[in-house]
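For reference, chains read A, B, C, D and E in written order, and residue numbers begin at 1 within each chain.
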Amino acid sequence: MLRQFGLKKSPWVVHFNCNSCNGCDIELLACLSPLYDLERFGIIHVGNPKHADVLLVTGSVNHRNARVLKNVYDQMPEPKAVVAVGVCASTGGIFRECYNVLGGIEEVVPVDVFVPGCPARPEAVIDGIVKAAEKLDLRRRGQPVSRPSLVPETHEPSPKPAAPPETVPATPASPAAPVAAPAELAKTP
Amino acid sequence: MSTRMTLGLAAVVLAPIVGGLIRGLDRVLTARLQGRQGPPLLQPFFDIIKLFQKEPVVVNRTQVFYAYLHLALIALATFMLATGGDALMLLFILAFSTLALVIGAMSVRSPFSRIGAQREIVMMVAYEPILILMVIGFYLANGSFRLQSVYEASRPMLLSLPLVFIAYLSVVMIKFQKSPFDLATSHHAHQEIVKGVTLEFAGPYLGMIELAHCYEAAFFLGLAGLFWATNAWMAALLAAGVFAVTLLLDNLCARLTTHWMFRFMWTVVFGLALTNIIWLYWR
Amino acid sequence: MSLLPAKTVTPDNLLHEVAVLRQQGYRLVTLTCLDQGTGHTVYYHFDKAYQPLHLRLEIPDGQELCSVSSLYPAAMIVENEIKDHFGVKFTGLALDFQGRLMLTEAAPKTPMNRFRRCGMELDARQPAAASPAAA
Amino acid sequence: MSQRTTIPFGPQHPVFPEPIQLRLILEDERVVEALPAIGYVHRGLEKLAEQKDFQQDVFLIERICGICSFMHAMNYCQGIEQLLGLAVPERAKYLRLIWAELHRMHSHLLFLALLADSFGFENLFMQTLRCREEILDLMEITAGNRIMLTTCCIGGVRKDITPDQLKRIGTGLDRAQASLRELGGAFAKDYTIQRRLKGIGVLTREKAHELGAVGPVAKASGLAMDLRQTGYAPYPELGFNPITETNGDAYARMMVRLRELDQSAELIRAAMGRLPDTPLSVPFKGNPTGEVAARIEQSRGELLFFIKANGSKNLERFRARTPTFANLAPLLHMLPGCELADVPVIVVSIDPCISCTER
Amino acid sequence: MSSIVSSEAILLLLLIAGPMIFGAAAWGVRTESARRGVVLAAVGCVVASGLALALRGPFVLAGARWLEPLGGILEAALVGVFFALGVCRRMWLVAAAAGVQAGLLVWEHFGADPASSVAPPFIVDPLSLLLVLIITLVGSVILLHGIGYMGRHAEHAPPTAAQNGRFFLVLIGFLGLMNGLVLADSLRWFAVFWEGTTLCSYFLIGHDGTEEAKASARRALTLNALGGAMLSLGMVWDHRQGGTGLISNLIANPASTPLVFLLTAAFVKSAQMPFQSWLLGAMVAPTPVSALLHSSTMVKAGSYLVLRLAPAFASTPLALVIALAGAFTFAATSAMAISQSNAKKVLAYSTIANLGLIVACSGINTPLAYAAALVVLVYHAISKALLFLCVGTIEQQIGSRHIDAMGGIFFKLPLTTTIAALGMISMMAPPFGMLVGKWMAIVSAGQTPLVLVLLVIGSALTIFFWGKWLGRIVTTAYHEKYHLEKIPRTMSAALVVLGAMVLVAGAGVMTVYRAWLRPLAISTLSHVYLQPDSLGLLQSVDSFMGWPIMVTLLVVVLAGLASFFGLRRTQVRLPYLCGENVVVGTRTFEFRSVMDQRTTAQVTSYYFTHLFGEETMTRWANLVALLILLSLFARVSLA
């Protein structure tokens, strides 16, 4: 009975800024402010992946921070979820064509919730975290959790690096999730 | 003997619940002071339940011993507090409990965890003398080192040990990791050493440490209540007062540095406690 | 085309000119590098009491440029950046990042060059996560 | 075995909202050497700006940095206008000033919040963010977005501020200034804050000049250097004078920004009172040509854009030197000798914007 | 009757002369393997004789009359050796001290009333029995370790080092001297053994023959020779005042002037401030020497003398000053230990601190304090010997004594490190003996505020250096392979035996206290026992129960083991390095940094040299300690 209170009611968040222009970052900070108050959902911004349940990523991936993002994700204990905040994290956004940009964070880590917006509004960010928390709980109960993907089906998936031996295999997720199903996306108000 | 045993076991069971509520209240009130709605009152319990549902992740396997040791010893200290055991031994067990956490944090080669651990040791060195002086004060006022004598005393300790009580307040501030003393770890990890001591503990092991923090909350407020042990209501009031002061100061101060803390504790606070003790001798 | 009003210097008298400006109390704002196909143009932007002053310097490919970080220590960072982006080599850098200030091993080499796609043959879409594992 | 501690500070670190790594070498807890590793936010925006249409670039360049986005766009537009020889209508200049100062206010408030966070004053952090929401509201009302205003365009502004909105800005500023007075008192007078800021990260006037410090960092060291005096926007008409402090420590840098907040609010009020009635923008034809080095005083200091256009719709070279880039060298000068606990304070005290720095 | 007497005499002879004979044998044999056999035999003999004495229980053995002049002759010979050493090696202070001693001997010989000369008895009472047990049990384990250690030491020792044969001669013979020292009741014979240990110490410190070793040996000899002169002075003074030259007699009829001289001698021997420098220098000696002489036995001779004399100065004005001197040493050296990065120096400072604690407890002069002193005496000997042996073993394996170099030794030396960690825990954590001793000390110091404050400060500082060091050695990380350590069997056996002793004695601390130490303390200080205050405190300590702690620790170990083996390999992850870990291989502490280079993250220990710097602190602390010592002399007039 008590078990259902756990993950849903206390998602701890670690934030990693990949390539963001700070727009989404400062909206994330605004989430902490009294006006939006993340903590009322039991959400705490912990700085440390080892304590976190949800990884919030802002900005696209570049050559240097991809490895950092991967490390941060790998260090989080299961069950875990990833929220891509803003268009840059989702697809690369306006910077998609830059020479040092690899694209959305999907290139490196599996994403559970996409939060659109340039920048994403605080309400949308909170909604994204709460949705991720629900997925966490489903994942704990061993139920199948769909992962949305913004990568078109025709797109050739980029060769993912072989997982190092100490990496925990990703929790089974149905690969054929509908592309950016509206229900999975937190909408900007 | 058996009633004391029951009392002790009841304390071991109840302390985390009370401590969790205190911590929940702390978070709610802090949020309200900051003009926020804050989490639900039961949030600390949700957190602990969640942590026990998470995957245990460690940097090395020996780490697990220290988490258990930390929790077990703080529970033992609570047991001794309730049964009225020897006060000095109580402090040593408490110190051993903190030390277990410190060594656990040192045993991983994670830089922030180690820096946090060493800061925690400095903090222990800073507050241990105050706690020992407090117990000496109990002894001088009651003629016994056993806490039982404090429970049975006819005169509230606060009247004999007013300055020691003030010194004890700063010890509570340090133990609760409240500003200006939140140096080695903090709940909201916005600081230079991330989460410090607890950095490399994750999942259930972090849950144990959180549980131990609940024990600590109940333990230290209970210890504050001892200063007016003659009347249960006054004791509760005193504990509530200590809680309020820590809460207020936490919201009114910036975090200061380890060196400042060490100097402050060994001069001002130590001086306060010592003055009180000397006064007790000459009385 | 109106070029920036600038005093032209050569690699030989660069340090002297910069030293004179430093003597006069000028602040080094930054350096700008432009790719000209067979060489690079480097602008040195200075400022004194809101009055900008620019130096223009042309160097052919392959020639090394003397760092001004001995006179203006802060120039070290921008010189390293130019080294990353254009492949212009500086001598006497206080701290040489070896072309790894902004870019990492998997990133394209000298990507800012306009007329030469030096290093751009590397696929920019290659996942970087593979690179640390390969190292 | 050496007696020194080596630790990575960043890129993923809770006190840094942005990824940058400082490799710190410590003795006990005293910093003896700090070296930065950057490039975690490097996108290659300068190159992309060359590939896109110069009009599209306004939106791209606005995203150099989300915190002072409007001023990036403004500087770029001013540079292109200079190349095209456009005279921007007066009303557009005033409106740009208002948005720019609103941006400065929200940026400085964000700085104060992050500073409070860096020395562990959670309550103050919360209150500052609450105050900042007032400013964000004003930006949302006038432009439709809280952060990216996208109201600046080449030749003027895209959108007017209506009289109703002006009134709302007035009341919003009143509220913000009222809470700012309380916050300012706490920031300036609190014992624990003074303890953490005074004498920390001292940059002397000479060093500030030598290392090319800009913006509040330079102003806190006593260099009265503020490009708003050059009159790229109607600042001189509004009686603008730069604010300086003399001590050059983290406290002085905070005080400069604290005072600039009030100054900005007053500038906005004055601008609203003198808003001329002219068209919002001038039309133009053709493509820019030539080279220009456009400068503007951004919230963190001097921003320089070097633009080279060749008459086609693509720019030949776009180069941005952002204020944090200039302040990196002073930062590295300040760090050695401080305590580990002061590292976040010193880093935050220059109000770093790594996204700006690396583009 | 006579058979019993003779059997006891044989036992004592075995205890005192036996080791010397074995030592001579170890010196005499040619081959290393034979020497090993001799040392092993010595270990067996020493343990057997110690246990036999314990089984026999207390008795007094009246000596023969010829023993007294024999003692005089031996002492004269020793003084002669000192004088010769002083002159030959240009240690003028030693020569001067020896000269003074010689003068005193002559003066006493001619001035003494021959009638007062008595046959010197040997006393086996609970206190001396306790010491004999420590010497024989702990000492023999150290000898055992020494076999393996010296075998390896020969490999890295400088070419100037003396022969292993001579080393074992002195080391084994030393045990006999020590046994004699604690059993002798005659001041004359006490002095003989006392000087003998000084001489042993000189040879052993200088064993390696390096310049540093020679200088340290000279310093040790100089200070201890001065201490010896003090002892002679006290002895002669006692004689002059009509004493019989028996310690028991001196205690029964205390005279403060000889007492103060004897106490000063004891302070020198147990390296109390301001005489601590010789013990710190002595750390250059091979580890068995440090363990045997400078932690568990020789320095205990000084504490033993203070404890022996405690009834004499109890409830005199001297007591407070002695307590203060000890407490000050405890606090100051605990602080100085923080700034040390040399492991053996940390141990040395900690040793001095604990000796100070014993002295302080003797000075508080309540039965509880006395019992506390005894507890510290016993448990310190075991734990510190263990720690020294561990550090010696570690040093031989990793080639460094630096604390920071000991990070991660858990992989290389799992057994030694576990035992070392156990030793450190036993130095500071409940329910082990050292903490119980400290606890009793603080409880009993309740009525002497100044001493109390010093004890409180000292015990808080103790946590600092043990904690940081303990954290350092138990550091392990990530899937590295554990190696089976390759150390000689004698060394590992010694470590295991001592580790077991720490555990068993630690678990039984309250039993030992109730059965032995408390009655001893009460009988020794029976004249202060009857005060109601000390009675109440004694009872308060009596009711302490160690078992809940034991049960808790047991539960923790079981639960921890379950989790330890329950963890899957994938659940062991990289440490947090701000996301920039190098993930390849097991180089887990490397992060990518400037220019993508790999850099190793490391955190050194905090030494707080600006607060607890050795030089400045030593200067000031020595000054204060000297003042305290002078006030001891000043108090003579009051006593």
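Heads up, the rule we're going with is that a contact is a pair of C-beta atoms (placed from the backbone, for glycine too) under 8 Å apart; a residue touches a chain by one contact, two chains touch by 3 or more.
Owing to the predicted nature of the structure, the values given are computational and were not obtained by experimental measurement.
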Inset, instruction - Could you tell me which chain's Cα centre is nearest to the average position of every protein Cα atom shown? - result: B
Legend entry - Chains most often in contact, by C-beta pairs: B-E
Inset, instruction - Could you pull out the chain whose C-alpha mean position is farthest off from that of chain D? - result: E
Inset, instruction - Return the chain whose centre of C-alpha atoms lies at maximal distance from the corresponding centre of chain B. - result: C
Legend entry - Geometric centre distance via CA averages, chain E-chain B, whole Å: 36
Legend entry - chain B and chain D, separation of their C-alpha mean positions in angstrom: 43
Inset, instruction - Measure off the straight-line distance from the CA centroid of chain A to the CA centroid of chain D, and report it in whole Å. - result: 29
Inset, instruction - Would you pick out the residues of chain C that each touch at least 2 other chains? - result: 100-104, 111, 132-133
Inset, instruction - Mark out which residues of chain E touch at least two other chains, giving numbers and ranges. - result: 571-574, 576-580, 583-584, 592, 594-596, 601-603, 606
Inset, instruction - Could you list which residues of chain B touch at least two other chains? - result: 34-36, 55-57, 111-112, 115, 188-190, 194, 199-200
Inset, instruction - Spell out all pairs of chains that touch, sorted by label. - result: A-B, A-C, A-D, A-E, B-D, B-E, C-D, C-E, D-E
Inset, instruction - Over in the complex, which chain A residues touch chain B? Could you list them? - result: 2-3, 5-7, 9-10, 12, 34, 37, 39-42, 44-48, 50-51, 53, 75, 77-79, 140, 168
Inset, instruction - Using the touch rule from the top, collect the residues of chain D that touch chain A in their complex. - result: 11-15, 17-19, 39-45, 47-48, 51, 59-60, 63-67, 69, 110, 113-114, 125-127, 129-130, 132-133, 136, 146-148, 353, 355
Legend entry - Residues on chain A engaged by chain E in the complex (per definition of touch): 16, 48-50, 67-69, 71-72, 74-75, 77, 164, 166-168
Legend entry - Complex interface listing, chain D residues touching chain C: 35, 38-39, 42, 44, 46-47, 50, 209-212, 227, 229-230, 289-293, 295, 302, 304, 306, 308, 310-311, 316-317, 319, 321, 325-326, 328-330, 358
Legend entry - chain D partner contacts - residues on chain E that touch it in the complex: 341, 400, 402, 404-405, 577-580, 591-596, 599-604, 606-609
